[in-house]
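Here it is: the structure, laid out below.
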Amino acid sequence: MARILQPNGKLTRIRPSLRRGAALVAAALAAALPGCTRPAAQPPAGAAPLPKVRFKTDWYPQAEHGGFYQALARGFYREAGIDVEIIPGGPGVLVSQLILAGQADLAMGRSDDMIVWVSQGAPFVIVGVYMERDPQAILVHEDDPVRTFADLNGRTVMGVPGSNWIEYIKVHNHIDFRLIPSNFGIAQFMADKTFIQQCFVTNEPFFVRKNGGHPRTLLMSDSGFRPYRIIYTTQRYAREHPAEVRAFVAASLRGWDDFMNGDPSPGKALIAAGNESMSGAFMDYSIGAMRDGHIVAGKPGDGERLGLMTRRRLQEQVDDLAQLKIIPELIPVDKFARFDLMPAELQ
Amino acid sequence: MSQVDAPPIVELRDVDKRYGDGPLILDKVSLAAQRGDFITLIGPSGCGKSTILKLISGLTPISAGRIVVDGMDPASAVERLAFVFQEPTLLPWLNVSRNVEVPLRLHGTAAAKRAEIVKKSLALVRLADRTDYYPRQLSGGQKMRVSIARALSVSPRILLLDEPFAALDEITRNHLNEELLAIRQQLAWTAFFVTHSVAEAVFLSNRILVMSANPGRMHDELPVDLPYPRTEETRESTAYQKLVGEASRILRSVELLKS
Amino acid sequence: MSAAPKLLRIARRLLPLATGVGMIIAWYAIHLAMSSEQQFLLPTPHEVARAFVDEGPALWGAALNTGGGALLGFGSAVALSFLLALILSLSPLVRASFYPYLMILQMTPIIVMAPILILWVGPGLRSVTIITFLICFFPMVVNTTQGLVSTDRNLVDLFRMCKASKAQEIFLLRVPAALPYFFTGLRIGGTLAPIGAIVGDFYAGNSAGGQGGLGFLAIIYSSRFQMGALFATAAVSCLLGFVFVAGVIALSWLALHKWHESFSQTEN
């Protein structure tokens, strides 16, 4: 029996009617037609055009965005009543600025960035969570003496300047190390056996191995710094388009569930179509890394599940950032997060 | 002043001059200067008057013919020569006394000797009270005087002057002409002077050489028999004015040759 | 009748002040007229002032850091450009063979060269210095060479007649005569040096000892949306530029004011 997402966010069972059936058939057809960012399915005859939602990602299409592309490829967004366009990001693209300028409606980001920006007065709000853990890590060579974060003391690390996580590592381990700006490549890492850099556990290790190297990672989720990977928008958009937001969040989570636990081929196909340099082997590696690291759904034993956002954890983040003096003072969780736009069972 | 029996101090014989493959600038030019002469070269533009000065000073070589300066070739004789250019050509970053001593410094003269010579030279041009001034603080006439003092500092036997007073107003020019002759009373150099002013030529020299242009050739010579020392009164004498008229006539006839 | 010109003089001095006040008022007006989303991107003057206070130590340290790198790069550019200019001035053949390549290097934008340099040299003061060096070097070489070969022909003849050696000709005549050109090049380089250092810092700056340069700070502030601090960083960068140019102008005054026409106050 089909389960359909209602505009109010509730997933309900419904008796298949002709209309719904037509939509289902259309969605099934869309799933069978890979290779387009906009599925060929038509809305049921006589229905009003679906509201458009533009979603901005933070990089070229990749497996770390898999759930969204899966949802698009399998028509989950259309079923939820919205017409989604996924706009890939890239180097030098300031996603937050595009949201502010109204050139995209929703975007992906991290909860710690959101807290910092909102404390500076930015009118953003978190509306959902798509990864329980952040996939970033510290990349070292296998033989490097660094085994724990504290071992980084006195070393040189290539990373993103201003990274909250880097500050956290330094302060919480009472260490210091040199930070040099990241060029987002692995050339220096491959050339220098003592090189250490920030990386994504779903990305750099694959290429290091491909080039004959032996990498090891220290995961952010093991460091004590625990941001969510989130979906966000402006306060105004959430206020004026709650239905679209709800639909997007719920369908995206459905897409992630399907991508990680079902057959990820539709999502992978869409990603490959949008990114020429993307290989199947690389995507499979990323998916495997996300699974091994419990990145998307977290560890149930730790009270984590796909899409769950807790006040307690967000408060913990605020406290961390205030302690690091990255934000001038504590801000209430409700200032930067809305819980009422997520699927009912997550609230 | 001139000693006709002695060998000429400067002699050009059938001198040709061209730059590289260019046109002939001087065509079989001959002249002979006796010690103590004050020779002025006049002629239409392009007749090569300044080039003759450059040949005598060795700044550029002759293309054909013979040139003897103080018994030697110009390159070797250059130490006995001094050149006063059309512009004062002072080094703007040096003050007056340092400008005057430039040739002495380049020769390696000792400091004490330099100071003494500079003092004398500046006294000759009557600028002794301006030793610390910089060129930009001087008038055009003063700058020219410094240039002359610099030329005199090497005690030249031959003084070459290329339209030195051309940029000055008439009153200053007349003053400087008189001063130049006054200096000549004390130091017996031989002078080659180039000018466009016929009056100046007559006032200063004992021989005026008139040249024609395209290519440059010696056209005529006008001896100037006025007695030295010459002063402003000389300018009012009939003999002077007659000579000025004569020189102008010759110059005009040369210019008509062109057309 | 005599009061009017005096009033005019006072008015002329107050005019820039009045314009400044007007601009600040306009700034507030624009800020208030913006949508709430865009408003937060344009900090008010008092927010910028507050950022100056809050981030003071960081800004000051970064300014010293960037200024130091700029000075190092600028200084070495001055020395090496002078040497190269001397060599180039000696022979038209040498000039003809090297000038095209100098031009090519000058035309290559620093934004393209910087990442390449970082990969070769590694980040830190060394790269910042090299990038600053490259951005100042070529205008200085070109200007100084021009000065060395443009010496008054008559002066060169004078030296020749005095049988001056080549060394005497270069150091007693050509070099002093080239000083005004040299300082023109220096003024251009002095304006570019802080820019080069900040750009270099952007790519190569690092937090050694917890202190990056101004470019590094700009990255951090922009990533955290600290708009007030970002504007304050821009203001400090501007000041750094002023300091450099003022320094060069002071140097050129020292060297030239006694004799160069550009400094003469009155006619004679």
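For reference, chains read A, B and C in written order, and residue numbers begin at 1 within each chain.
In this section, contacts are C-beta pairs under 8 Å (C-beta built on N, C-alpha and C of every residue); 3 or more make two chains touch, one makes a residue touch a chain.
Just so we're clear, the structure is a prediction, and the values are computed from it rather than from any experiment.
With centres defined as the mean of C-alpha atoms, identify the chain lying farthest from subunit C.
B
Please find which chain has its CA centre nearest to the centre of all protein CA atoms in view.
C
In whole angstrom, how far does the Cα centroid of subunit A sit from the Cα centroid of subunit C?
From the centre of subunit A to the centre of subunit C is 44 Å.
Where the centres are mean C-alpha positions, what is the separation of subunit B from subunit C, in Å?
Once rounded, the distance between the two centres reads 49 Å.
Please work out the Cα centroid separation of subunit A and subunit B, and write it as a whole number of Å.
About 91 Å, centre to centre.
Quick check on subunit A: which residues sit in contact with 2+ other chains?
none
So in the complex, which bits of subunit A are touching subunit C?
My answer: residues 96-97, 100-102, 116-117, 120-123, 160-162, 176, 178-181, 183, 187-188, 234, 236, 326.
Using the touch definition up top, name the residues of subunit C that touch subunit A in the complex.
So the residues of subunit C touching subunit A come out as 36-38, 40-41, 115, 118-119, 122-124, 202-208, 210, 212, 216, 219-221, 223-227.
Along subunit C, where are the residues that touch subunit B in the complex?
152, 154-155, 157-164, 168, 172-173, 176-177, 179, 258-261, 264, 268
Help me check something: in the complex, which residues belonging to subunit B touch subunit C?
Touching subunit C: residues 57-59, 78-79, 81-83, 85-87, 89, 91-94, 102-103, 105-107, 134-139, 154 of subunit B.
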